[in-house]
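Structure below; questions to follow.
The letters A, B and C name the chains in turn, as written, and every chain counts its residues from 1.
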Amino acid sequence: MTIRVEDYSFWYGGLRALSRVNLTIAPGEPLVVLGPAGSGKTTLLRCLNRLSERAGDTRQAGRILLDGEDIRDLDPPVLRRRVGMVFALPTPLPLSVYENVAYGPRLAGIGRHELDARVEWSLRAAALWPEVEGRLGEPAGRLSGGQQQRLAIARALAVGPEVLLLDEPTAHLDPLSARRIAELLWDLSRQQAVVMATHDPRPATGPRARVAFLYLGRVVEQGPAAEILARPRDSLTRDFLAGRVG
Amino acid sequence: MRGDRLAAVLLWGAALLTLGVLLALVGHVLARGLPVVDREFLMARPSSMGRAGGIFPTVVGTVALAALAVAVAAPLGVGTAIYLAEYTRRGRLVEMIRFATDSLAGVPSILFGLFGFLLFVVRLGLGWSVLSGGLTLAVMILPTIIRTAEEAIRAVPESYREVSYALGGTTGQTVVRVVLPSALPGILTGILLGVGRSAGETAAVIFTAGTALRLPRSLLDPARSMSVHFFILAREGISPDNAYGTAAVLVLAITAVNLTAYWLLQRFQARRH
Amino acid sequence: MAALRLAALSTLLALVLIAIFILAEGLPLILHEGPARFILGRRWAPGDGDYGIGNLLAGTAWVTAGALLIGVPLGLSIAVFLCEVAPPPLAPFLKPAVELLAAIPSVVYGFVGLVTLVPLIRTHLGGPGFSVLACSLVLGVMILPTIASVTYDSLRAVPSAYREGSLALGAARWQTITRVLIPAARPGILAGIILGTGRALGETMAVLMVAGNALRAPTSPLDPVRTLTGNIALEMGYAAGEHRQALFATGVVLFLVIFSVNVVARALVRGPSGAR
């Protein structure tokens, strides 16, 4: 699985949110989209699964290719099963823990006999299984914030996506839960293509990660995390990392 | 500050007056009507035009008319609400639908009666019947159901939809599995309000369902609703006791339905905040 | 999706059908009589083939004006009371009570008015008791919930910063209500009054039972009165031929009046900018 973003621009009405973005997302190389608030990180992620089109009055130019196929040629539900997403706010649906995880598989028509195993596998992958094993029937809203976010990850994994998009997945969590999620993600990224948007460079220091620094809708620079974070070439990146813009 | 005191007195006066009117109204009807109401009154057939006996056929008529009205109006109304809230953004058609819904809400019930008479009773040849009356009522309560359902659907958090779409849900799946279950209490409120309005309606029903006092046995039989029965008993001075009894049953039923609707809505709104 | 669009067209279809059917049945007679003669004519005598609804229009105007005189101040007061004054333990009872007032069937209003107000007016104020006054009192209470709930919603929609700003400047609560809140909520309040007017114009059964239904135009609040709606309901049962057409023609006039009232209310609620 490879995603290639080619010369891609995106507008909300007259507002240009992304400007000629070029990126490659390859398996085994988790991508961290780094940038201050309003830099277009969320928009970029939402363009990758075409959730951005729900806003109405939008326009785009350039292409996004999933394994060589333009994602505009794919049916959105099919695309979104292949490109999963976790939002900044942990958003449990008003259902039980089990039904939250089973939601996607059910939509995809996964049969009942397969469902239990799928739910357990996903919850284990999101490192949540030991905590919820005995409370699968409880409303998901009763879980703690960190648990809810891991539930959201399990829910996205349950569909079996080829790539997982995470939009500031730790932004609304306490530091301890945030660190757990970050560690989980680096673990996950061994088997799973992962794209994470964040304004915080600290969790981006995974050894295999690539970083793309986004500013005002443009990719300022990209490269291996170790390189960009230690020796940024662009002065904007340098200023951002030093906390001077944001 | 003297103005404040005077204003407070006036406002309190208005509030207490309104409460007083409601209590007096309901109290009067129940005080005179409840003594007449027993199992016999509800379950027996009337005799000599309602002068004696019970009101059983009119209870059946009311239930049948309201049930048919809701059975037709609920799917149409909820469907309209889903279409307006989930499938369309702005547009000419949406504007026209909203305009029609608002206008329909303002049409007085007697005009629904005239319309139902011309279309269902005469043109479609359904005669004075449960079917004609129920369809007329369905048109009448449609705006109420649409408005409450649309409000309830719009109140469902956008994040629920996003999650469902992000997991590969189609619009249809998202509506059925996430939006409608969350909006259900609000939708039920609208439907209950429609039931209440149908049960209390007279002018729209009297020209479409007729006034026959027989027990309706099919959709094509004429039916007399409780409110029509009450109107006829009261206006023609046939039997004040039975009129009050009928009114008491009607008021109790409508109060119960409306308070349930109100309670549902409160719970729904409380959950949202 | 196609099914939903079809459902969504149902209200449009219903409105168009109502207009077509009532116009088709009523308009020929209006044109035949001449609109001016039909609307301004003061003699309604189906037996003689005279169809003038002037007195009925006058009756409807009297009754509606009377209902507004009672319903508007009460409705506004209730809304302000609920929004600004009501102590917390009372508000949760008053609001459903007002809504219940809207749910009570109109025949019940009419009947209770008939057995209480009519004799009261007859013995204490004179006249037959069946009167404009009785209609106005009954209708005033019936339209109160409409006015109160629309006003309540628009008062609630006034940003609380206005309220706090005014109070912070040292304005008394009453001044805040009359100088800040009510002006800010004015479009909604007007819309509520107009919707209430529409309800009063169209109400049938309650009015019918306390109006006396005399065909003369009233000259005092104690005179009996017949309204457009009452006329339709009274005579539909036995009317045939031209007479029935004349009743539908009355319906046409009623429909047009109420339709325009609603269009005005709608324009007011949305405001000149078109925003809701």
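Operating definition for what follows: a residue touches a chain if its C-beta (ideal position, glycine included) is under 8 Å from a C-beta of that chain, and two chains touch if they have at least 3 such contacts.
Source: prediction; values computed, not measured.
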item: Topology of the chain contact graph, where touching chains are joined (line, ring, star, complete, other); value: line
item: Centre-most chain [mean C-alpha coordinates]; value: B
item: Furthest chain, CA centroid comparison against chain B; value: A
item: Pair of chains with maximal C-beta contact number; value: B-C
item: Rounded Å distance between chain A and chain C, as computed from the means of their C-alpha atoms; value: 56
item: Chain A and chain B: spacing of chain centres that average the CA atoms, whole Å; value: 48
item: Euclidean distance of C-alpha centroids - chain B vs chain C, Å; value: 19
item: Per-residue multi-chain contacts in chain C, two or more chains; value: none
item: Chain B residues counted as touching two or more neighbouring chains; value: none
item: For the chain B and chain C complex, residues of the former touching the latter; value: 1, 3-4, 6-8, 10-15, 17-19, 21-22, 25-26, 28-29, 75-77, 79-80, 82-84, 87, 93, 96-97, 99-104, 106-115, 117-119, 123, 139, 142-143, 146, 171-172, 193, 196-197, 199-203, 206-207, 227, 230-231, 234-235, 243, 247, 250-251, 254-255, 257-259, 262
item: List of chain C residues in touch with chain B within their complex; value: 1, 3-12, 14-18, 21-22, 25, 73-74, 77-78, 80-82, 85-86, 90, 93-94, 96-101, 103-112, 114, 116, 141, 144, 172-175, 177, 195, 198-199, 201-205, 209, 229, 232-233, 236, 247-248, 251, 254-255, 258-259, 261-263, 265-266
item: Chain A-touching residues of chain B, taken from the complex the two chains share; value: 89, 159-160, 162-170, 173, 177-178, 181-182
item: Contact set on chain A toward chain B in their complex; value: 49, 51, 54, 56, 76-78, 80-81, 84-85, 87, 89, 91, 93-94, 103-104, 106-108, 152, 155-156, 159
